[in-house]
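By letter and in written order, the chains are A, B and C; residue numbering begins at 1 in each of them.
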Amino acid sequence: MASGTGDDPILEVDRVTLRFGGVTSLAEVSIRQQRGELLAVIGPNGAGKTSLFNAITGVYRPQDGDIRFRARDQRPVSLIGKKVHEVTKLGIARTFQNIRLFAALTVFENVKIGIESRQRTGPVSAMLRLPRTLREERDGDRLATELLDFVGLRNRANDLAASLPYGAQRRLEIARALGTRPQLLLLDEPAAGTNPVEKAELEDLIRHINTEMGLSILLIEHDMRLVMSLAERVVVLNFGRVIAEGPPAQVQADPAVIEAYLGTRAYRAATGEEASG
Amino acid sequence: MCVTQHFWDFFVSGLANGFVYALIALGYTLVYGVLQLINFAHSEVFMSGGFGGLFVINFAIGSRHPHGLSSVWFVLVGLAAGAVTGGIVAYILERVAYRPLRRRNAPKLAFLISAIGMSYFLYNLAGKEFGRDARTMKPPFTVSPNKPLFTVFGAPVNLYDAVIAVSAIAMLILLDRVVQRTRLGQGIRAVAQDADTAALMGVNIDRVIAQTFILGGLLGGAAGFLFGLGTAGVSYTMGFTPGIKAFTAAVLGGIGNIRGAMLGGLLLGVVENLSSACFGASWVDVVAFYILVLVLLVRPMGLLGERLGRSA
Amino acid sequence: MTLRRVWAWATSLRGRQLWVTLAGALVVDVMTGPSGSLNDPTAGFAGSLLSRRVGIFLLIGFAFWLLVTSRERLAAWSRSWTAAVRPSRWLPSRWYRLAAYGVLLAVAIVLPLVLSPYWQEVAVDQIGVYVLLALGLNVVVGLAGLLDLGYIAFYAIGAYSCAYWTDSLPIHPPFVLNPFATIPFAIAAAMLAGVILGAPTLRLRGDYLAIVTLGFGEIITIYATNLQSVTGGSPGNSRPIPHFSINLFGLHYRWGIDNMPYYYLLLAFVVMVIVFFHNLENSRVGRAWTAIREDEVAAAASGVNTFRYKLLAFAIGASTSGFAGVLFASKIQTITPLSFLLQQSILILVLVIFGGMGSIPGAIVGAAIIQWFPNGLKTYVRKEDLFLYLGALLVVMMIYRPQGLIPSRRRARELALAESGLVEADALTTASRDV
């Protein structure tokens, strides 16, 4: 939960504009996320949500604006121009809309890759199997097991990642992201394509990550129920612009948001009758 | 400086090489446009065009000494023979080496390796069957191909250069028309832009790809004939070096960009020749390599940018 | 009506397989048949296709097709392929694997003693050195998925370094070294060259990397030939490179022209390299390479510095090649640019691919088998035709058995998954596919 007192932003997206040829993906988007906050980003398809993630993590470079990340007890750092792995090392991890696991590796190995990003032993030490390397291997194994326990995949540790059911794959991707010891976790539609049981498990997991592990979470989701249940604040994007921002209930009743999702007729209907609940 | 002495001489002979490179480069660029793949074995398409042209023209000329109009006729026959051979070999290449891999969703690495394999297979086959020495063509002209016809800025243009230039320009214009105006060209541009959507719009991807290979093969094969007309003749190893240089030319101009391939070829030919004037002939092959690295470092999309989808 | 039925069968799967098999039989016929020549270009084709041979080959092809496509056998055969691909099949227990390596080592130690001198030389010059080269390229191509076509250039750099530091080249070094002592210098030189070449080019697409490395291999040969005053040019170095020798702590040994001592030295180095690479593969480095190969974007998002790991693979491959170059130079004593041609880079690639990309035992076995061929079949196969066969082999391998003879477990899994469309199996695909 976000601290009630004071302003402690972990992420500041400052008037970011991202263009591809003739298409403007993000137009002067500004978002301010507090440390420990679970912030949801919603909007119709094509609104720019994944582009926002890509801009933050360095996959694309915005033409305008700045993105500042402030790790705990550190000064704010601009993310513009940083490479993807550098952003991860700073403390931001992400999952992908289309699940990008290392399919031919086992569940355990997938998580280890995330963990190993923070390790320091090099290739020479690895070739000679020096004690340093062996120690880091053991520590990494232990942490991987803990993370798999946390997401509930311990019993499938030696299965191939590709053999997991959908919901389990999503959880594995989250576990791998957690392996990089992030302070901010970007989740891109984690519940997409999951059945109700998997969805409930994911909801619990995400909430635990936020409350027990104390991570800030930026969540893209289409499932409104999930958003209402998890998010403290919601940001709504449409055509690359922020059209609304606030607590979930307030945003849900916002006429501009209704119009964006359902069109003008529904908007008129909503303002003509009672506001939809 | 070394360059200003005989600048135009080297420029003109460099252009002649450049036209050959341009024709070969088009094969690389066309295939790259539709498959995002370097057809390593294209150098062997070029080589086979050389042999095809050689055999046909030697057979056709027999013991004659053609001159005048019949010379033109023989050159055309040679070009056609080279082109057809190149087209056939390119088609075989696609069917045998690439299509099975496409069916299997093979990784890119597999395509490259298979292409290398085909390249080595083809040129060794040529060496085995046709002997490992260079063969010269019976000249289709009685005028010595190396006697200057006229001069440009004081540089002699000989018959050989003129034949290459005229043939090449004609073929380049033809290609441009095909790509811009015909159904086939439309198909190629569509697949180059977005293969999946093109398939959804009813374009037969397999056929377009095969036709693209053939088109590139026609040009490369014809280039082989033109190359063989020169004093070097035709040999089973003739494909390798021009192949790499033509690829460099394609990258220089912008891979996937037809006009780029043409420009790149000419530019490379000229720069190479001028360099050989300055640094000596034994270093000439190094120039292409350095140009390639330079382009890839400084402007990887090439001079004219990469695109086949739009109008080149 | 019957014509239509014939056509329907001919274009069915079995029918097509028959055409392919028969066409393949004809190709093999031509490949193994007589050669043409400058004055008689049709001699080869006529000799192969217009004689009794063609009948024999077509018959063999037909029989092969019958065997392979009869329903039950096809099912069993494809099961055996997929079984070979399933990871559990490959000696699950660590002790079994160690035992297998132990047996292999014992054979490697004992076998050459009973071979003829000709074969002993093959064992050193062609198999031993090339096993080392294959192991190195295996890291670059098999583990990191980078296509390096100029691999032999690093071999050359290692060899010339050895020649330089032992004062065998026209230019003189500041101090003269024993060939053993040149090893670190050669490795450093090769590694430096690898880094210089890799730094700008590894960020490029895989196809470009292949061409640039090819070009690099070519120009190293050109420089070696043209800079006669530095490298000795085409004739080679005038002063022979000394053989290895040890003069330490009372231990005196001098390697001479005898093959066997070199063989055992090579064997010791190969074992060392195998141990190092095996450790590397099962460490975070090996996992990072696999991640990069599978999904570069996801790897980067998981904190893997993809560029640095690619460069590392490249540098390790280059160093191994340079190392092999020293061994080669000191044995053969005279090196010329002709020792370092492009087709050797391709040959090493064939060894790795045939044996199994990414697989250490694969690289060893692949090298041994392929290098045996031109020697073992010397009476049946002409030496010049070697690459005819290797080229065909590459194509056939890529279509029918891309994972190689002894697939690495991960690689085999990847290829199986790629085939079912689930995954793109290497680092050559453009990275920014719908993120």
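The rule we apply is simple: a residue touches a chain if its C-beta (ideal position, glycine included) is under 8 Å from a C-beta of that chain, and two chains touch if they have at least 3 such contacts.
For each chain, UniProt lists the protein as follows: A = Amino acid/amide ABC transporter ATP-binding protein 1, HAAT family; C = Amino acid/amide ABC transporter membrane protein 2, HAAT family.
All values derive from a computational prediction rather than experimental measurement.
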Field: If a chain touches chain A and chain C alike, it appears here
entry: none
Query: Chain with the smallest distance from its CA centroid to the overall CA centroid?
result: C
- prompt: So which chain is farthest from chain A, going by the mean of the CA atoms in each chain?
  reply: B
- prompt: Taking each chain's centre as its mean C-alpha position, how far apart are chain A and chain C in Å?
  reply: 43
- prompt: So how far apart, in whole Å, are chain B and chain C when each is placed at the average of its C-alpha atoms?
  reply: 30
Interchain centroid distance [CA atoms averaged], chain A/chain B, Å: 50
Message: Could you pull out the residues of chain C that touch at least 2 other chains?
response: 425
Message: Can you list every residue of chain A that touches 2 or more other chains, as numbers and ranges?
response: none
- request: Enumerate the contact residues on chain C facing chain A in the complex.
  value: 276-277, 279-280, 283-285, 287-288, 290-291, 294-295, 297-306, 312, 316, 410, 413-414, 417, 422-423, 425, 432, 434-435
- request: Provide the residue numbers of chain B that touch chain C in the complex, in ascending order.
  value: 36-38, 55, 96-97, 100-101, 104-114, 116-122, 124-125, 127-133, 135, 244, 247-248, 251, 282-283, 285-286, 288-289, 292-293, 296-297, 300
Field: Touch list for chain C against partner chain B, complex
entry: 30-31, 35-39, 41, 44-45, 141, 145, 147, 149, 200-201, 204, 206-208, 210-212, 214-216, 218-219, 222-223, 225-226, 343, 346, 349, 353, 384-385, 387-388, 390-395, 397-399, 402, 415, 418-419, 421, 424-426, 428-430
- prompt: Mind pulling up the chain A residues that touch chain C in the complex?
  reply: 50, 54, 57, 59, 83-85, 88-89, 93-94, 96, 98, 100-105, 109, 112-114, 116-119, 121, 123, 126-129, 133, 136-137, 140, 160, 162, 176-177, 179-180
